[in-house]
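Same chain, two partners: chain A is paired with chain B first, then with chain C.
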Partner chain A sequence: MTDRQENLLLVLPGLLLLAVAFFVPIAQMLVLAFQGPEGPTLDHFRRFLGDEFYLGVLWRTVKLSTLITFWCLIIGFPLAYIMARVGPRARLWLVVMVILPLMTSVVIRTFGWMVVLSRSGLIPSTLRDFGLVGRSFSLMHTEAAIVIGMVQVLLPFMALSILGVMLRIDPRLEEAARTMGCGFLQAVRTVVFPLAVPGIVAGSLLVFTLSASSFITPNLLGGPRVQVLAASIYRQVTQTLDWNFAAAQAVILFAGVLLVLIPYIRLARRADG
Partner chain B sequence: MTPIKTLSLSAAATLMASAAFGQTLTINSFGGAYEEAHRKCIITPFEEATGANVQVVTAYSADGFAQLRAQRDAPQFDVIHFSGGQEIVAAAEGLLSPIDPASLSNVDGLVEAARPNLEGGEGPSYSIVALGLLYNAEVLDGPANWTDLTNPEWFENLVLTDMSNTYGMQGFLMLNQALGGSLDDIQPGLDAVAEMLDGGAIVVSTSPEIMQEFAQNDAWVAPYSSDYAFVLQDAGLPIGFNQAAEGTPGVYITANLVAGRPNQELALQLIDRSISPEAQVCFAEEMGYAPTNVNAELTGETAENTPFGAEALAGLVRFDPQVIEERRSEWVDAWNRTIAR
Partner chain C sequence: MVRAVPTPLRILAWVFVGLCAVFLLGPLVVVVGVSLSESRFVAFPPNGLSLQWYQRVLASDAYLAAGWLSLRVAVLVTISATLLGGAAAVAIHRRKLPGSEAMGAFFLSPLVLPTIIYAIGMLMLWSMLFGPVSVPVLWLAHTVIASPYVVRTTLAVLADSDPFLEEAAATMGAGRMQRLLLVVLPQCTPGLAAGAFFAFNVSFDEAVLSLFLRRPGMTTLPVQIYSELEFSPDPSVAAVSTIMILITIALILIIDRIVGVQKVASS
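Now for the complex of A and B:
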């Protein structure tokens, strides 16, 4: 057996899994999306794009995903920086702390937020006690609830992506910048941040795509009134049984995410090179 | 007798008692308190009696029906339970198997309304739920009409249920009817819902959420079902349940035999157990369901809390399931637009 054959053999199970579990369903989805009662059609897309309601759902999905990515970055970057700069023992503990939430199901973590954010939950009742909000104030079933819940769920992806890159940055570069007269923030901005861009890009991509397509947390925290695209697709599939329209929405989500990815990757490449 | 002998004898007895030993049935249930009662009254006794293993998938009727349709060529459920009248459409589409009444030992006790079309594939109903107005008895005297829900003073403490839930759908249709709408025109209902939401009402999707709203979040009133009123009362909460003056929608929970499955005989035994007097008495005690088997004798408090008898059943409103399935997609779309922020 040649090396080539061996490699092929090794890669085969993975390829098969991809083909069966990814490409076949995607192909099926594409077919469904363009299928009409009388041959191929663009009607499902026209219906989506010609309807303010669905455009609103799309806009909310993009807006929330962007916000979630932004907050993950704001929290994740300093966290990763600290993790990269402390000793190995402390780093281990920090990494464990970041990863620990991933060990429980997303449903359970989201349920925790439901308890904290509901009308009689910790946050609304505290705000009410201070007289800051009305009697029926609740954070549940709002866009803010989705952002809060998703940031917690997705933060590990951002922090760990940045950490991986950050660990490879030579600390002496930063020290050099400091001895040349940079303040701490200036050193971070001009030395650490640019060098960490690949990690930031990878983390942001992960977070953005995961939040654009996530379903459980937005559904539980947003409730039936605050719909995102994934929830809308789910509704079409399970309730109105309009699979063609659901497939069209899925294609739009897919295309939308791709559209965001391409310039982002280009940008990253330029920053990299 | 040596322990080994005893063991082997009892093992043999168990094996002989149940040819079904080791077989698996897949069914759906509705989660929450309902699923607990379902397991206690039907599923666990069934497993013990037959040695079969029952796998429960939590799926509401609309979800379950969607799955059944999607699995047309390779169905995964053996018995599917519906509450929204989906069995009528599923039977018409050939997704359910006809049931020979002779194969169910408890069929004779069933009231007529619980077995409209067994031969056509529509499974028997094993419990009936009345929809009305749940209210916090410490705050309210108890609303008497569906139209009382349009009282703006209650909006901030009003809980509505999403249309994806059978109780939500049926409750909405009843409200719509009370406000002058019909199955041809749900606009009066939608307009009222829009006003309620503007005033601070909230929408939830599942029964446990309704319970949570009453238990923790200061809900006063919700159009919902007698069974969950019963569960909340059972938990010690001051919850009242009124059948409203304009009418009480009845929700018929049915057990249906899925077509194209290998274990139909065993599945029929499960359905038979669902309509047995013992299971129905148990269900009435756990959740206050009205039995559909006249041989199910309720005693004491349970009897007082449960609407029962042909006269009570005859008074229940039933919206045409065929029309609901035909228009579901259109309604859900309109509902989503109405409730979307």
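Now for the complex of A and C:
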């Protein structure tokens, strides 16, 4: 046996698994999206793009994903900066604080938000006590609930993406800027931020694709009336059983995600090299 | 030396970290709180304290069946993902095969592609070929999305290993099998072990694939929780969730012991 054969033997089972159980199913889905009763067709796409309801769903998906990405960035950047600059002990605690929710099932985290956001929950009742909102105020089944829940679900991805890049920035650069008369915030703005851009962009693209494709949190917090694209796909598959139409919607999601993912993969590769 | 960070900003930073902690960990604390409630209403802070919902869970056939299924699938996935991912990582690390670089990206692709797209494809393909879904399809699908974690942790550990050990073993007359088992395997062990625990966690907590690939009588724990949440949850859902949170905490502690949580987090 040669070295080459040994390496092939090691890598082959995994390659086969991915080819057969990952790429073939995705190809199958792509095929189904263009399949009609009489041969290939674009009918499913026409149906989607010609229906105001589905266009509304698509628009809501893009809008909410943008909002979620924005908030993750606003919270994630300072959090990652603090994580990168504190001592090793404090950093360990902060990493655990980020990873524990990340590794907990999404359904469980969403459950927590359902309890807090419901009519009698902690947040609406506090707002009511301060007289800020009316008596029938509830956050459940609103777009705001989806954004709050999803930001919590996806913030760890953003913070860790930025942290990965931030830890590789030489702290002496920031020190040099300070010695030369930069204020703290100025140094962050002109030195740290530009150097962290790869992490910021990569994190944002990742958070955007993940939020565009999630349905568990939007379904539970938004309810049936506030639908997003992924929730609509889930509904087609499990309730109306219109698989071709579901596949077409998945292709639209897939196309949107690819548009975002290609720059992500390029950036990730550059960050590694 | 410049004065590092102005004191007001320093205070502000710690307030910010505190708020982040409440935001990130709050939902989990709420779930744990609800599970201890005495009344049958889901409310936080809980009314009274009791462990009755845990007893309720341990006596519930639905939860026990779901838990047993989740556990079986997660153990199977841990074994298959660790074997396949670990072997692939060793070969990729050696960079002797053409296209090793591309292969690395290929193996990590299930991490980047949204799970819902994969889930719907898997459901359609399986139904067309084999009919109704079964445990093997869940095993297969979870292995696909869990093995990238093993590839990643194993590659991370191998990156710090000594590349000449294997050569030295070969010079001293070790055969292929001996080199793999006595030199390479021990070098990989921390990565493999961390990857294995990650794989278990991914499978055990996974909900998207399991929601698509389910049928009556085959629901995993997260799916069972999801269905309860869609209707009218009582505190027993919180009790099950709390048990799952505790398992996650245990896994994090184990992974931290083996390779260090920070190393995994920033790679």
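Just so we're on the same page, the second predicted complex is superposed on the first by the 252 of 273 C-alpha atoms of A that agree within 3 Å, B and C clash if a C-alpha of one lies under 4 Å from a C-alpha of the other, contacts with A are read in each partner's own complex, and residues count from 1 in each chain.
By our rule, contacts are C-beta pairs under 8 Å (C-beta built on N, C-alpha and C of every residue); 3 or more make two chains touch, one makes a residue touch a chain.
This structure is a prediction, so every number in the text was calculated from the model and none was measured.
Q: Chain B versus chain C on the shared chain A, clash or fit?
A: Superposition result for chain B and chain C: clash.
Q: Is A:S120 touching the first partner chain B, the second partner chain C, both, or neither of them?
A: Touch partners of A:S120: chain B and chain C.
Q: Have a look at where A:G256 lands relative to chain B and chain C in the superposition and call it first, second, both or neither.
A: In the superposition, A:G256 touches no partner, neither chain B nor chain C.
Q: Does chain A have more residues touched by chain B or by chain C?
A: Of chain B and chain C, the partner in contact with more residues of chain A is C.
Q: Considering only the touch criterion stated at the top, classify A:V226 as touching first (chain B), second (chain C), both, or neither.
A: A:V226 sits against chain B, while chain C stays out of touch.
Q: Just to be sure I read the superposition right, which of the two partners does A:P198 touch: chain B = first, chain C = second, or both, or neither?
A: After superposing on A, A:P198 lies clear of both chain B and chain C.
Q: With both complexes superposed on chain A, which partner does A:V237 reach: first (chain B), second (chain C), both or neither?
A: After superposing on A, A:V237 lies in contact with both chain B and chain C.
Q: After superposition on the shared chain, which partner residues are touched by A:Q28: those of chain B (first), chain C (second), both, or neither?
A: Once the two structures are laid over each other on A, A:Q28 reaches chain C alone.
Q: After fitting the two complexes on their shared chain A, where does chain B collide with chain C, if the options are 165-173, 201-209, 219-227 or 237-245?
A: The listed stretch with clashing C-alpha atoms is 201-209.
Q: Where on chain A do the contacts with chain B and the contacts with chain C coincide?
A: 120, 237-238
Q: Which residues of chain C touch chain A once you look at their complex with the stated criterion?
A: Residue list for chain C touching chain A: 2, 5-6, 9, 13, 16-17, 20-21, 23-31, 34, 42-44, 83-85, 87-88, 90-92, 94, 96-97, 103, 105-107, 109-110, 112-118, 120-126, 128, 140-141, 143-144, 147, 151, 176, 180, 201, 205-208, 211-212, 222, 225-226, 229-230, 233, 237-238, 241, 244-245, 248-249, 251-252, 256, 261-262, 265-267.
Q: Where on chain A does chain C make contact in their complex?
A: 1, 3-4, 6-8, 10-11, 13-15, 17-18, 21-22, 24-29, 32, 75, 78-79, 82, 88, 91-92, 94-101, 103-116, 120-122, 152, 155-156, 160, 163-164, 167, 175, 178-179, 184-185, 206, 209-210, 212-216, 219-220, 230, 233-234, 237-238, 243, 246-247, 250, 253-254, 257, 261, 264-265, 269
Q: Sort out for me which residues of chain A touch chain B in the complex.
A: By the definition above, chain A touches chain B via 53, 56-57, 118-120, 135-136, 138, 141, 223-227, 235, 237-242.
Q: In the complex, go through chain B and note every residue touching chain A.
A: 62-63, 66-67, 69, 156-157, 162-164, 197, 200, 202-205, 212, 216-218, 328-329, 332-333, 336-337, 339-341
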